[in-house]
Structures are given as structure tokens and as C-alpha cells.
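Note that chain A is present in both complexes that follow, paired respectively with chain B and with chain C.
So, the complex of A and B:
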């Protein structure tokens, strides 16, 4: 049983890891190119208002060992990143990697927690709608998911804040994952997680995708045969109708959830990567925003790697397919 | 993607409207009707704002009437924290996303359709290149990419919407590619090629116009909803439209302080506007999808 799928899975996994590495290299090129569009450069800002900026810039560049040519700059940046040196924040002077790890932990808790919330809400709705079809319960439930998803997530955040403040008399801001010693710590973590989980537009898309896929699979011949034999249809529909769509939609929604995290972290003053990205965009803190973009891309690619892995494990025949084909 | 289109070699894709309506479910018709209503409202309000046909002056402050509730005399939807008319500012706020949103949709669909046709029709190496491009674009969370661009060049809303459009190219491309792959095998395409029709006609007319039209329109409604979401989010974060110019995002944001004090309305009115509009575009897309694609296939 195991030997049958381990080989293709290992082969595909290796190839996917290679694909991911190449894609991340591409990501680094894009990030570098975008910041290359910036008018002037950080040294211009650093030396602003000083006499003979040109001479000064050359001198500062030399003393800091910063190469002038763009390709040399890129290679220096890339090489540093591979050695774990993402540079230092222009604003705080702290090493970027350490900051990303510190805030990234909080963002990971927020995003993974909210994914869990999304699935806990979306799966029952989607399965019910798929099995029972459109009726008096499934339509309002689906509609409710749509409405909550269409609400601006920052407004939803304020609403939740207001309710919690008035109902429980606590002010759940700026706590983060490890902080929040005053008051019930669970509330500090739960509020943003729930808001990001039900808001942010992910919920309705998960519901729709799961419902459509489950409906399709339940109508397949093999499920009908299983039913006719008296075998549980659920066991036969599980892999194709549930496991695959869930991993598919979760992997494709990770970028959206990370984007939503930027906003939710802002509302709840959550000390995560999204807030840091906002601050860095505000300050034009290039090393920080570059590091965050790369870290976010690593997160996204890891998600699709897991999705591919599940896909191939469920369906070993797919290992002969081309590289990392998107799920439509 | 199974037997989706029953094709007769001549009248490709044309179906009588009556049978379409008969097969439609009431829910889908309701969705599409609501969505069309919202689209009409948004377009009319945009025109009203562009032509400056407004209930009041959007910048006129009435310090006697701060934070007035809805249905106050002279202010149908009340006033904000500076005594400005909320209805007027909501109408004018549409300027912030309407044209930029259309730009984002165009930037997503035109290259998306081109890449989709290229990779689906040609296959082989061009498909590999397009797939790599799509995976690369999909590696970036959109908001992080936009923050990157914001940090680099302090862009205006049109530049941001070009970026938003580019991030939607993969979705449009994979949609068109799926269709093209499926259609390529069909007799009528083969026949069109056999009688020597130019490639341009086959691709533009037979494939894109007759068979991808509906999906692309659906994609466009979703793209518009996304553009609204991005514009409001960015204005909320302070990188979009700046006060005193109104945008739904910065209206929610500027009303937020009063929200936590219990004055819900100035923040809630634009939030509801966002809700109903995004919901309208989503439901329009969904309803059309069910009416034109899924049901037609059965």
C-alpha cells in the first residue's frame, strides 16, 4: 500500500521543491526590480541636505562596501539572504531577519488560526448545501457567508472591538501572541483570528468552491455505484470531493489571507509582519519591505508545495503531469 | 470541464433566451437582477459625481449638525464628524474606484486572454513559459506587492490598479486556457482551420467571442469587486485617496474613532455601501456563472 505511492510522491516532491526554489529566485528578481524603479536611492535620502551629495554618496558607498552596479547590488543582496543576512532596517537599525522571525510568528498564528476558523465555518455550510441542494436552510446560510465576506474587514474589526469593549469592558489591542498579560489572553488572540477568519472575503469563496466540487463528485458514476451497493458515499467522495478541494482552495487563498492580515493587524494593533510591512511602506524602509515580500512569497510557495504533495499522494498518477499546474 | 458545450458546426454557442430563462433557477435570476441594479446605481452615481450633480457641496461643513443621524432634514444619510453630507460624499467616493477599477479589469483580461490563448492553442514551450509566469505572479500576496510598489514609487491609484490588474492576469489566463484546450479538440475549430480561415478569425471570433465571452464578463465582475476592495483597503491604510477627497475606505477610517465611542453611522454608512456593492458584483458573477455556464451544460 505505502510503497505504491511513496516513489512517485518522492519524485514529484523533489521536482516541486526545485520548481519552488526557481520561483523564489524569480520573486527575488521581481522584488529587486520594483525597488530599482524607485527614484533616487536610499543613499540620497541618507545624505539629503549635505553639501556635494555626489561625492559624499560615493564616499559613503565605498566605506559601507555597497557596490554601484545594479547586478552587483542584486547578487550581494541575494547572497546575503542565502546566508541569512537580510540587511538591517533603515529606521530602527535592527537586523531584518530577526524582526521578520519575531513578527512572523505572530502573523503565522493569526493566519493559520483564521484558516482554521474559515474551514470550521465554511465546511459545514458547503457540505450541507452540496448534499441537500438549494433549500430553505442552505440558501440563507450561503447568503450569510457571502454577506460577511463582502463586509470590509476593517469595519468588521471595529464592530467586534466595540462589542467586546462594551460587553466585557476590556480593550483588546496591541497584545499579540506572546504579550497580553493583563486580562484574558485568549480574547486578545481570538478576536483578530476570528475577524480574519470570517471576514476578508475568503469564507464565501471557500464555501462556493467546496460546494461546487462536492456537488460534482456526488454526481459522479463511481459515487452512484457505491450508493447503489449500499457502501457509504461519504467514504468514496472524501478524497476527490473534500480533501483535494480543501487543500486547493486553502493554498490558493494564502496570499489573500496574508493581505487581509495586513489590515486586521492594523485594526487590532497586532505586532505582526503585516503591520511591519505597513510601517516599512510608510517609511520607505527598503530592506524591511524586501525581506517581508520574500518571506511572504516563501509562505505562499510552501502552501502550494503542500497542496501539490496532497494532490500527488491522493492521485499518484498525477505525478507524470507537467510542472506545478495551477488548480483552475 | 466535461461535455460542457454541445456543438453544432454552424451556430456556435447561440441559445434561445426563452429556454435559458426556463432552465434558470429563481435564486440565480434574483442574484443577477440585484447585481445589475447595483451596477446601474454605481454607474449612475459615477456619472452624477463626474458631472457634479450632487445633493450638496461635498466639502461644505455644518458645525451645527455634526454626526447627524440619517434622515436629518437636508441630509438624507446624515453628516460625518465635520458636518459634511454623507450621501454626497458616498456618491463622490465612487470616483475613487470606478475608472481605476475598469483599468484593473482591462489590464487583467486583455493580457490574460492573450496568454491563455497562446498557451492553450500552441501548447509546448509557450505553455511552460506562461505557467511559470503565472506561478511567479501568484507567489506574491497582492497587498504586500502593492505595499512594495508604494514604498518604491508612491504611486497614484491608476498605477496601483495596473498592479492589481497584473496580479489578476493568471486567473484570466488559466480560465481562457482551459476553454481553449477543450475547444481545440472540437470539430468546428478543425473545420474552420481546414477551410483556411485565418488564425485571427478562429481565435478572436470562434474561440474568444463565441465561447469565452461569458466567462470573461464574469471574471470582469469579480475583478471589479476586487478593485473596490483594494481601493477601500488602501485608503483605509492611508495609502489611497487622502482627505478631504472622499473615498469609501477613508470614510470608514475617519469615522472609526467615533465608532468606538458609539457613533456608528459615519463609519457604517460607507461600510454598508462597500458591502452592497461588492455583494452586487459577486452575486452578478455567480448568478451569470450558474445561468450561462453550469445550467447550460446540462
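So, the complex of A and C:
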């Protein structure tokens, strides 16, 4: 049983890793090109426009070891990255990799936690609606999921903060602080996670997609046969009707969740990668921007790799076909 | 020709008395202890005074470091690390005699080292090294060299005598044993993240998320500060920072957004303290443009603007309309000169007097030349209010028949257009002063040139001689009179349309007492603050 899926999964994995490497290269070139074409210069930000002559900027470049020509600059960056050296932030002088790991951990907690929240809310609604069809309970639940998904996440964040502070008298922001929060630790971790989980717009899509797929699968002949034999229908429907749609939708939504995290981090004072990206963009701090772009690309790719992995594991024959993605 | 500066030996009798006092506890009867946490706008990039260029860092370095001289609450120059100084008759040599009782903050497991002349020379050298990353270099290019005379005497030689040079020696001194690289300082040097100084507070810890804890320096040469610890907590959002104050998660906000003033004002636990901003905003005109060289045109522009209305609607009225070139917080500001009123009819009359007539499209013209101008505005991080101001400017001027083409420019490109190429008609900008009485670089004709501050190309012999005279006189009352005159002249000339100074407000819990605030360094006098027990 196990041996049946190892080979196909390995084959797919190998192919995907190769694609990923090319993809990362492409991402880095594109991001670098955009940075190069945008007006402004990180060294100008550094000197606050105080270096009157080009000589000043040249001195700065020299001491930072940054070549002047853009292609040399890119190659220097690429060479460093291949050796695991992402360079140092122009703004803070701190190593980019360390900073990404530090803030990335917080962002990971936020995004994975919020995914969990999304699934905890969406899956029961979708399954209930798929099994029981349209009725007095499933309709308002589904509607509610749609409405909540449509709320802008920054607004939802402020609203939740306002309610917690004024109704419960708790100051719920503690992340990044050594003290001063009057609420229990769980409150300030949970709030942003819940807000992002509910407000990132993924909720309604999970409900819709999962419900459609589950309904379709439940109507399939093999499930009906299973039912007829008296076997539990969910065991037969699980892989195709649940596992595949859920992994598909989650993988395709990772970029949006990351985008939402930038806003939630801002609202909840959460010291994550999104805030760092925002700051770096303002400063044209290219080593940081490049590092975050690569990290985000890795993150997104990992999500779709896991999805492919699950897909192929469920359906080994798919490894020989091209990526057969169903439209979400 | 420049007259030689008749400035000679100045000895501060008071300073000698002050330095005789032992370092240690203060004897002012105020209690020691307590802590103050304040909200800060984001994480500072670096914490040393050389490489940093943000307000966030500037506030921290004010607590950790000292300059040779300082500026007191009355904006007068007072001794700090230097106990006295001598200035040569030709104004080219500045000799500073240093205090002997100053020590650097000790590093862990290290004895505190004494502060000496070597540190001063080192600071100057590292600051001026071409490879050092600092915005300060341009400010100190007037110095030819710094030399150690003996362990406690330093001599600076200037390239040329400059007006008010003493105020420039407020730069913060860093220890020779501080940076890992003794030749030049970059942001990758560990020192910039964990600096040591001579100041009232020393850096205790910095978390990865940017929370900075400072603790009282028991060996501070002016006496140990009263408050035990000062903590800077970073916030991403101003609204949240205000809420943090309301929930006692922090005790102080250094600069309250006008929008949140009413909420704090209504709460008896907090003090809202206005402090002077040594800054003002203005529309500046390019005198190289023949249309703008006529002062009646510039006056017309000022009459056409309803500045009070703009201040009220865009900044909640939190500020003062100004009439002249000094910040209103300065002693040099002339209160007798009233700002020009809003009078569009008068504006049109002035334009007609200057030879303009209304064209068929409603735009004023003279000799077939339309009064159509470009307004260049730098894009800033917080530019919402700025956008409203420049659009209001455009609309007000449209009403008197002037066509304004607003162009937003990226900061660096804007600086090049304005200070290097002089390619603009009108700009909107804000000056921030460290010496509020010194406007020589803005309007003196000697300051016209690439990257110099008289970007407007303003040239007026009367103004030049008033500035020169004011610089050369030692008599404070006479200087005041001269500056008031200067103010009146420039108010009439309108090289800029002077707009307003915004009022800054700090908010803090009333347990913090005797709070005096420096306009932008903020913590300059924090060693005298205390927390009520």
C-alpha cells in the first residue's frame, strides 16, 4: 500500500523543486528590476539627502561594498544568497537572514494560526451544507461566512480592538513588549490570529469550494455504492471530497493570507515580516526587500508543493500528467 | 568683504561652579526612582549619533550622549563636555577645555573609562571619513581639522570663519573605544546597535522587536538623573499608541497626532504639554523667474491664501500663522509684524499693479506671458495633509487668476530640482532649525549656489547687512533689535509665503513631573524630570 505512492511522489517532488529553483531566480530578477527602475536610492535615504555630491554616495557604496552597476549589484546579491548570505540591511546594518528568521517566525505563527481558524470555522459550515443541503441553518451560516469574508481586515481589526478595549477593559497588545499589557498572553496572540483567520477573505471560498466538491463527490456512483453496501460514506468521500479541495484552496490562498498579514501586523503591532517589508519598501532597502520576496516565494511554493504532494499521494496517476489543477 | 569677527574669550563663571559639584545624587530635593515608558514611532535603525538620521534615534541619543556644548531651555549655548572655550580673534580657532570628571558608560565586566580629548578628535575624524555613513558630514565641512592639545584640551581650526559656529559644537561625542572599526563607522558596526556614551542614561537592553530600555547613569557628571529607567516601546499605529496611553501600557507620547488631542485632553490622568517646534512650513519662490522676481506678485500670492482656514481644516487649528522668517518659538521672532490678511481682491489689485491683466481664459498675463507656474512638492511618508495644503494653494491662486501645476516628486529628485538645478517656480517645504535665530543660510546672498540653502536665489543688500550685523554683535538686545528688523523686512518682501508653525503636544501621565521638552531632541532636559512617589 505505502510503496504505491512513494515513486510518483518522489518524481513530482523532484520536478517541483527544479521548477521552484527557476521560479525563485525569476522572482529575484523581477523584484530587483522593479527596485532598480523605481526612482530613489537607498543611499539617499541613508544620508537623508545630505550628501551633496555624488562623492558622498560613492563613499557610502564603497564602505558598504555595493557595486555601482546594477548587474554587478544583482550578481553580487545572487552569489551571496547561493552561499546562504542574504547581505545586511542598508537601514539597520543587521544581517537580513537573521531578521527574516526573527520576524518570519512571528508571521508564521500568525498565518498558520489564522489558517487553522479559517478551517475550523469554514469546514463545519461547508460539510453541514453539503450533507444537509440548503436549509434554515445552512443558509444563514453560509451567508454569514460570505459577509465576514467581505469585511476589510484592517477595519475588522480596529473593530475587534475597540470592543476588547472598551467592553472588556483589556489592552490587548503585548507582542513585542516585555511588559505593560494588562491582558493575559493568550489574548494578544489569539486576537490577531482570529482576525486574520476570519477576515482574510479565504473563509467564504473554503466554504463554497468544499461544499461544491463534497456535494459532487457524495453524488458520485462509488459513494452511492458504498452507502448501499452500508459502509460509512465519509470514509470514501474523504480524499476526493475533503482533502483535495481543502489543500487546493489553502495553497492558492497563501499569497492573499500573507498580504493580509501585512495589515494585521500593522494594526496589532505584531512584529512580523509584513511590517518589516513595509518599512523596507519605504527605505528602498533592497537586500531586505529581496530577502523577503524570496522568503515569501519559498513560503508560497511550499504551500503549493504540499498541495501537489497530497494530490499525487491520493491519485498516483496524476504524477505523469501535467499539473491538473481544477479551477477554484 | 567680511569683517573680522571681534569675538574673543568667553568664560562662563557659572560653569566653573557647576563643574565643582560632585557627580552623584542631586541635591534638589526631588525623589529618585520610578520609570517612564514612552511610545515611539517604530524601531530605530541605529542608536548612535553619527550614523542615525531619524527622530526616533535622535531622541535616544539625546539621553545617551553629550556634546561639547549644549543648548538650554532658553536656547542659549551652555557648557556640557567642555567646561569653557576660547575663540580666536579671527574666528578661525576654537579651543575647548574639557571637564575632567566625565566617564564613559562601562561595558559589562569592564571598568568605566575616562572621557578625554582623544575621544573628541576621534569623533570628528570618524564623522568626516568619506566611508562613514552619516548625514552630518555636510554640516561640519567648515572645520579644517581637530587636534588634541593635551588630554583635556582640543583645538578646532576652521576653513573660514562662520557665523554662529559655536552652536555647531553640539555634535555628540562618541568614545574612541566604542566602534569596532576605528577608521570609519557603518551601520554594520556593533557599536551602532549597542552604543555607550557619557549621558544621563545608558543603554540596558534592546529587544529584537525594538523595545529599548535605558537606565540611570549613577556616574553622570551633572548628577544622577532622577528617573531610574526610561523605556521606548515601538508602535506601528498612532491610534493604538494613544490607546496604549489610555490603558497605562505606556506613560508618555512624545508627539500626539492632533486627531487624538481631544481624547487625551478629556482625561484627568494625563498632562498635555505643548512645546515649541523650531520649524515652519512655507511656499518658496524662485527669484530667477522674472515673474516672481517682482515682490508685488509674491505679496499677491500671500494675500490670496486663507492660511487660517487651511490651518484649521487640515491641522485642527493646532498651530500659529507666522509673518516672517523665524520660528515663533524663537526670541528673534517679531510679534509686532502681523501676518498679511486673506484678501483676494487686494491680491488681484497687486497683480494688476505689477502689469498683469486677466486673459480670456481667466489667467493673468503680462506681455502675452501667462502667470502659469510649477509647484514642486516632495513626496513624504505622511503626505495626506501636505497634499491638501498644496491643492488648496492651487485653488486659492486659481481664484486670483494664477495657474499652478502641482508636481509631486520623489524626495531625492525633488532635492536635485530645487537645490542643484533650481528648476522650479514654487516649492512647498518645511524648515526645521536647530538654532532658531540663525536664518542666514536661507536669505543671505552668499548662500546662493548648488546645494546651499538660499535655493530661492534671494538677493537683498539690506537683508545681507542685517544678517551680518546680527551675527557680529555680542549684545543680545542689539541682536534682538536687528533680527526684529530683519523679520519686518522679509515679511514685507515675501521671498516665501510663510505659513505656520504647528504646535507639538507631548502627552504624559501626571506622575511625571518637571517635564521640560526640547523642540525636536525632546529629552535634552530629561535628567531633571522625576516621578512623583
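Note that the second predicted complex is superposed on the first by the 280 of 328 C-alpha atoms of A that agree within 3 Å, B and C clash if a C-alpha of one lies under 4 Å from a C-alpha of the other, contacts with A are read in each partner's own complex, and residues count from 1 in each chain.
Simple rule for what comes next: a residue touches a chain if its C-beta (ideal position, glycine included) is under 8 Å from a C-beta of that chain, and two chains touch if they have at least 3 such contacts.
Since the structure is predicted, the reported quantities are computational estimates derived from the model, not experimental observations.
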item: Touching partner for A:136 - first (chain B), second (chain C), both, neither; value: neither
item: Which of chain B and chain C A:235 touches, first, second, both or neither; value: neither
item: Partner chain(s) touched by A:155 [first = chain B, second = chain C, both, neither]; value: first
item: First (chain B), second (chain C), both or neither touched by A:23; value: first
item: Which of chain B and chain C A:165 touches, first, second, both or neither; value: both
item: First, second, both or neither for A:275, with chain B first and chain C second; value: second
item: Residue contacts on chain A - larger count, chain B or chain C; value: B
item: Partner chain(s) touched by A:83 [first = chain B, second = chain C, both, neither]; value: neither
item: Which superposed partner A:265 touches (first chain B, second chain C, both, neither); value: second
item: Chain C-contacting residues of chain A that also contact chain B; value: 39, 158, 161, 165, 266, 282
item: Residues of chain A defined as touching chain C within the complex; value: 39-41, 44, 46-53, 55-56, 59-60, 62-64, 88-94, 102, 158, 161, 165, 171, 173, 175-178, 180-182, 265-267, 269, 271, 275, 279, 282
item: Chain B-facing residues of chain A, complex; value: 19, 23-24, 26-27, 30-31, 34-35, 37-39, 134, 139, 146-147, 149-152, 154-155, 158, 161-162, 165, 201, 204, 208, 252, 254-256, 258-260, 262-263, 266, 277-278, 280-282, 284-286, 289-290, 292-293, 296-297, 300-301, 304, 322-326, 328
item: Residues of chain C touching chain A in the complex; value: 37, 42-43, 45-46, 51, 53, 130-139, 184, 186-189, 192-193, 207-211, 213, 233-237, 239-240, 243-244, 247-250, 381, 410-413, 415, 450-451
item: Residue ranges of chain B touching chain A (in the complex, touch as defined); value: 25, 27, 128, 131-132, 134-136, 138-145, 147-153, 170, 174-175, 178, 225, 229, 232-233, 236-239, 249, 252-253, 256, 259-260, 262, 264, 267-268, 271, 274-276, 278-279, 282-283, 286
